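Common to both upcoming complexes is chain A, partnered first by chain B, then by chain C.
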Partner chain A sequence: MDALHYFAMSWLSPELLALTALGTFLGIYVGAIPGLSVTMAVSILISFTFSWDVNYALCLMVGVYMGGVYGGSRTAILLNIPGAPSAIATALDGYPLAKKGLAGEAIGLSTVMSVVGGFVGIIVLAIAAPPISEFAITFQPRDYMLLGILGIMLVGSLSGSSLARGIFAGALGLLIGTVGLDPMTAEERFTFGVVELWDGINPVAVMIGMFGISEALHQLHHMNKAVVKQKISRIIPKWSDVKKYMPLSLQTSFIGVIVGALPGTGGDIAALMAYDHAKRVTKNPKVPFGEGAKEGLIAPEAANNAAVGGAYIPMLTLGIPGDAVTAVFIGALFIHGLNPGPLLLIEQPHMFWFTVGNLTLANIFVLIFGLTGIRLFSKIVECPKGVLIPLIFLLSIVGAYAINNAITDIWWMLAFGVFGYFMRLYGFPVGPVILGVILSSLTDENWRRAILTERGSVSDLFINMLQSPLSAVLFSVIVLILVSKTPIWKKVFKPKIKS
Partner chain B sequence: MSSHPPLVQTRKPGESSFCFLLVMGSLYLFWQAYKISGFSELSSPGAFPLAASATMVLASCIVFINTLKRPAAEGVRFVYHCFPPIVATIMALILIYSVVLESLGFILSSFAFLFITIQFLYRRSVLTTLSITLLALVVVYTVFRLVFQVVLPEGIVPEREILSSIKSLWR
Partner chain C sequence: MKKTTITLLAALSLTSTLSFADYPTKDIQGMIQWGAGGSTDTVMRSIAPHVEKELGADLILTNKTGGVGAIATKYVNAKKADGYTLLMGAENPQMYKILGLSNIDYSDMIAINVLARGTPIIVANNDAPFNTMQEFIDYTKANPGKVKIGSTGKGGLTSIVLAMLDSQVKLDYISIPYNGDGPALTAVQGGAIDVMPAVLGATIEQIKAGRMKAISLVDVKANKLLPNVAPITDALPGMKSYLPWGPFFGVFVKKGTPDDAVEKLQAAFQKAAFNPDFVDLMQKRGFTIMNISGEEANYFLEAYRSTSSWLVHDAGFSKFSPEKFGIRKP
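Let's look at the complex of A and B:
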C-alpha cells in the first residue's frame, strides 16, 4: 500500500504533476535540437534545483530525461539530423518517410512506439530491478567485447548494395573512436601532437556533419525540385499498424531494457541493436529497410525509450550509472542527501516507487506532447529549401559549437560534412561511420581488458568464453550471424526455407 | 535516401580518384596506427587501431579495384553533376562563416551568413530575406544563449554588457 502511495505521489500533487509536464515538454525540444544534450540539460537543472525539495527536482529532471530521449527522433525524421545519438537509427528509415510526405505518420508511429518502449522499461524496472542488475554485473569484459562485435556486425545491414564500402565506413568509424589519449594507458593515438585532439573527436560533431551537413549539401543538387507536401491528416497511427508492429516493438523494448541496464551502454547502442534485430526478423518488409520501412523506425524508437527504464536499474539498485544521464542523476541524488545503491531500496523504498511513478507519468506526457505538436513540426520540412538549408547549416554549426563551446568541434563537423558529401556521392553509406564511432571504445577497451585478464592468451580467452554460459550464447549468436551471411548457407538453407 | 546511397553501375567522374585517395589515406592511417605500439601485444593501445586501419586498407583496395572495373559514365561532368558551383559556393560560405565566427561573434557572423545564403538560394526581395534572417536569428539566439545558457562567441558585439543592462532595466 505504501508503494502505491509513493507511486501515485507525483500524479496527485498539482505542483509535481506540473513540473513533470514542464520537464517532459522541455526535454522533447532539448532532444530535438542537435547539440543540446539531455545530459547537459539535466546538469543545468541541478545547478538551480539543488535548493529545492528532492521530489520537485527529480520530477523536472525525470521529465527532461524521458522527453529528451524521445525528442531526438523529431529532427532525425524531419531533417535527417538526429537530435541525439540515440536517434541515429531512427533517421535511417524515418527521414525517407518524411521525403515521401509521411512525416506526420512517422512521428505519430514513433511517438506511440516510444511510449510502449518506455512502459516496458518502467515495468521491468518495477518488477525485476534486483535480478536484472545482478545479471548486468555478471557481464565480464569479454561479454562487453562480444556485445560490441555484435553491434559492429550491424554494418552488414547498413551497407546497402556494397558490403566493402560499408565495411570501410564502419572501420573508419572505429578508428575515429580511438583518436585521443588512450583511456587505459594515456598514450596518444592519432593526435599528431595536437593537444586539442587529446580528448578525441566528439561523436556528436561526426554525427551532425555526416548526417546533417552532407544531406543539406546533397539537397543543393535538387533546388528546383518541389517541396514534398506532408500528409498530416492522420497523426494517431492506425490501430491495425499498432497491432501489427506491437510484437516487434515489445521485442526491441526488451533489447532496450537489457542494453540500457548494462553500465556504460545506453539508448544509442540499444537503438542500433534494435534496428539490426528488426532487419533480421522482418522477412518481407512492405518497403525495403533504409527506404522508409516502418519496422526500421519503430524498433530503435521503442528500444531507446525502454533503455531509460533499463538505465535506472543499476542506478537505483547498485548505485552504478547505466548511461551519462543517470551518472548526472546520481550526482543530483547525492546533493539531495540520498545514497543510490543497494541500501536505497532497503532504507528508502519510497524513493524507488516515487521514481517509478514519476517515470510512468513522464511517459504519459511524452504521448500527449508527442502527438500534439506534430502538425507544427511537420511544417518545418515544407519550408522552402532556400530557407531550410541555410537554417540547417546554422543549426548544425551552433549545435556543434554548443557541445564543448569549442570552435574545433565546428571544424570537425564541417570536415566530416564535406567528406560525408563525397561518400554519399560515390555510394558509400554514412550510417556505419557513426556506428563505428559509438561502438569503438566499448569494443576496444573491453577487448584489451579481456585479453589482459587472460594474460595475453587468445586460446584461454576462447576456452573461458565457451565455458561461461553468457559468453557462449553471445559468441554463438555472432557465429550464427556470420555463417548466415556466407554463400554456402544461402545456397543450402534459403531454398529450404522458401519451399 | 539517407543511409544507403544507390551504387550505380557506371563510374562517376572523380570516383576512381576518390577511391584512390581512400586507399592512400587508409595506408597512412595504418602506418600511424603501427607507430602507436607496433605489433607488440594484443592488449597494446595500438592493437585495435591497427586492426581497424588494416580493415580500411583491405576494404578500400577492394572498392578501388571494383570501381576501376566499372565503365565511366557518359555525359556526366564533375563540375556540373558531382561538385556543382552551387555546392562549391555554399561550402565556401560555410567555411568563411566558421572562420569569422569567433572574431566577429555569433550575432554578426550568423546574420551575415544567413542573409547571404538565403538571398542566394531563395532569391526573394531583400526585405523578405531580412525578416526571415532576423526571425531565425532571434529564435536560435533565444534557445541557445538565453534558455540553455550556451556561451556563444561574442566577438565585437559586447553581448554580456547589453544583456546585463537589459536585465538591470527589468530590476
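Let's look at the complex of A and C:
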C-alpha cells in the first residue's frame, strides 16, 4: 500500500508531474545534440535545483535522463550523427531509412520500442533489483575482460561486406582508445608529451567526426543527388509491426537491463550487443542490415532505454552507480542530505518506489513527446543541401566543443571526419572504429587487472576462468560464436539445417 | 591618432580598475578537477550556492577532468589572473612536481580556501580472514603474494597510505589499480580485491550496512562515526610521525590575481563554509571542516606536500627528488 502511495506521488502532484514532463522534454533535445551529454545536463541541474525540495529536483533530473537516452536516436536517424554513443547502432539502420524517405516511420517505431525497452527496465528494477545487483557486483575483472572481447567480436556484425576491412577499422579504434595515460601505471602512451592527450581522444569526438562530418562531406561529394521527399503519412507504427517486432525488442531489452546494471558497462555497449543480437536472430530481414532494416533500428533503441532501469538497480540497492548518470544522481542525493548507499532502502524506503513511479511517468512522457513533432523533424532531412550541410557542420562543431569545453576536441572531430570520409569512400565501415574506441579501455584495463590478480600467470588465469561458472559461461559463448563463424562449422551444420 | 589611442588606453585602464573595484562584475567560472558525481564534484557543487549568495554573482561549474587534475590546473593558470576562473580541486597537485606530471602545484597559486580534510580508512571484503590491522599484517606475512589490494594510481591516497605502511612493515601483496575509489570499492564488495585504503566518506555507508568491514582508521585517534574501529597507531605506533594526514578539497586562483578579488573570494568562501547545511553535509560523510585561507592554508598545504612527497620518494615511485623543488624534509 505504501509502495503504491510513493509510486503515484509524482503522478498526483501537479508540480511533480509538470517537472517530470519538462525534464523529459528538455532531455530529448539535450540528448539529440551530440556532445551535450545527459551526464552534463544532470550535473548542471544539481546546482540549479540545490535549494529545491529533493523530490522536485529528482523529478526534473529523472525526466532529463529518460528523455536524453531516447533523444540520442533523433539526430542519429535524421542526420547520421548519433546524439550519444548509445545511439551509434541506431544510426546504422535508422539513417538509411531516413534516406529512403521513411524518417517519420523510423522515429515513430524507435519511439515506441524505446518506451517498451524503458518499461522492461523499470519492471525489472521494481521486481528484481536486489538479486540482480548482487549478481552484478560479482563480475570480476576477467569477466569484464571477456565481455570486452565479446564486444570486440561485434565487429563481425558492423563490418558490412568485407570482414577484413571491418577488422582493420576495429583495430584502428582499439589503437585510438589506447592513447593517453596508461590507466594502470600512468605511463604516457602515444601522447608525444602533450598534456591535452593525457586523457586520451574522446570517443564522442571520434564518433561525431566519423558519422557527422564524414556524412556532410559525403553529401558534398554527391551534390547532384536529389533530396528525398519524406513520407509523413504514417508516424505511429502499425499495430502489426509492433506485434511482429515485440519479441525482438523484449529480448534486446533484457540485454539492456543486464548490461546496464553492471557497474562497468552502460547503454552504449548494451545497444551494440543488442544490434548484434538482432542480426543474429533475424534470419531473413526484409531489408538487409545496414540498408534500413527495422530490426537493426529497434534492437539498440529498446536496449539503451532498458539500460536506464538497469543502471538504477545497483544505485538504489547498493549505492553503486550503474553508469555515469547514476553516479551524478548519487552525488545529488548526497547534496540533498540523503545517504545514498546500501542503507538507502532501509532509511528512505520511499525513495525506491518514488523513483520507480517517476521513471514510469517519464517513460510515458517520452512516448508523448517522442510521437509529437515528428512531421516537423522529418522536414530537416528535406532541407536543401545548402542548408543541411552547414547545419551538420554547426551541430558537430558545437557538439565536439561541448564535450569538455576544449578546442582540441573540435580539431580531433574534424580530423576524424575527414578520415572517416575517406574510409567510406574506399569501402571501410566506420562503425567498428567507434566500437574499438569504446571497448579499448574496458578490455585493456580488465585484462591487466585480471593478469595482475594471477601474478602474471596465463595458465592460472585460464584455470580460474574455467572454475568460475560466470567466467566459464562467458568464455564458452565467445568460443561458440567464434567457431560458429568458421567455414568448418558452416560446412558441417549448414546443409543439415537446410535439408 | 596618437591622442585617440592614449584616450582609449586611459579609458580602458579606467574601466578595468573600475571593474576590479566592483568585483565580481560577471559570472565566475569554477573548474572542477574531477568528474561529475565524484567526491570533489559533490563538495564543490554543495558549497557553490552558498558562495553565490555571498558574492552576488553566478558561479558556473565545469568538470574539466584528465591527467589526475593536471589539465584543469594548467587551464586555470593559462587564464587571466582576474579572479574569474577558480580551480576547485583535491590534494593531487601537491604531488605533480615529484611525479613529473606538471610544474605547477598549489604553492604556485593563491589559496582561497582549504575547505575540508578527509580521514583515510582501510577496508576489507567481508570474507577476508582478518579483522584488525595486526591480523591483516600477520595474515599477509604468512601468505606472501596472496592478498589483493586495490589502488588508484601513483600519488593518490591509496599509494600514500601504502607508502606509510611500507615504511613501518614490509609486506608482499598484489596491487591492482582502479580508476578511482568508486570502482575499487565495488570490487572490494564483489571480492575482486581483498583490501582497499580509501577516504572514510566513501566507505561509511557500506561499512554501516555491513557490506564491507573496516580494518583500521589511518589516524591517531578513533572517529566519532566509527567508534569501534581502532586507529592504525595502535598496531603501528611509528605511523604517528605522518598523522594526522588526509586528502583535502580546496579552491585556488592564479598567482597575480588582484588583492581585492582574492579578499572577496576568501571572505565569501569562508562564510559559505560555515553554513550549517554545508557543515552538516561534510560531517555526515566523515570530513573534517578546515575552512582556512591565507597563511594558515599555506602552512597546511606545505606540510601536506612535504610529508607526502618524501613518503612517495622514499617508497621509490617518485620521478624526481623533492629536493629538486626545495620541498623540505618533514
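Points worth noting:
One rule holds for everything that comes next: the second predicted complex is superposed on the first by the 499 of 499 C-alpha atoms of A that agree within 3 Å, B and C clash if a C-alpha of one lies under 4 Å from a C-alpha of the other, contacts with A are read in each partner's own complex, and residues count from 1 in each chain.
The rule we apply is simple: contacts are C-beta pairs under 8 Å (C-beta built on N, C-alpha and C of every residue); 3 or more make two chains touch, one makes a residue touch a chain.
Keep in mind that what you see is a predicted model, and the values were worked out from it rather than measured.
Once the two complexes are overlaid on the shared chain, A:456 sits against chain B while remaining clear of chain C. Looking at the shared chain after the overlay, A:350 reaches neither chain B nor chain C.
Chain A is touched at more residues by one of its partners, and among chain B and chain C that partner is B. Contact with chain B, but none with chain C, is seen for A:290 once the two complexes are overlaid on the shared chain. Touch criterion met: A:331 reaches chain C, while chain B stays clear of it. Shared-chain residue A:100: touches no atom of chain B or chain C. When the two structures are aligned on the shared chain, A:244 is found in touch with neither chain B nor chain C.
When the two structures are aligned on the shared chain, A:390 is found in touch with chain B, with no touch to chain C. Looking at the shared chain after the overlay, A:189 reaches chain B, while chain C stays out of its contact range. Shared-chain residue A:139: touches chain C; no touch with chain B.
Overlap of the chain B and chain C contact sets on chain A: residues 40, 184-185, 405, 452. Chain A meets chain C in the complex at residues 39-40, 42-43, 46-47, 50-51, 137-141, 181, 183-186, 195-196, 198-199, 263-264, 318-321, 324, 327-331, 334-335, 337, 339-343, 404-405, 445, 449, 452-453, 455.
Interface of chain A with chain B (complex): residues 29-30, 33, 35-36, 40-41, 44, 80, 91-93, 95-96, 99, 158-162, 164-165, 167-168, 171-172, 174-175, 178, 182, 184-185, 187-190, 211, 213, 215, 217, 220-221, 223, 290-292, 384-387, 389-391, 393-395, 397-398, 401-402, 405, 407, 410-411, 414, 418, 421-422, 424-431, 436, 440, 443-444, 447-448, 451-452, 456, 458. Put simply, chain C touches chain A in their complex at residues 35-38, 41-42, 45-46, 48-49, 59, 61-68, 70-71, 74, 99, 102, 145, 148, 153-154, 174-179, 182-183, 186-187, 189-192, 204-206, 208-209, 211, 277, 280-281, 284-285. Against chain A, in their complex, chain B makes its touches with residues 1-8, 12, 14-15, 18-19, 22, 26, 29, 32-33, 36-37, 41-49, 52-53, 55-56, 59-60, 62-63, 66, 82, 84, 86-87, 90-91, 94-95, 97-98, 101-102, 106, 110, 113-114, 117-118, 121-123, 132, 136, 140, 143-144, 148-153.
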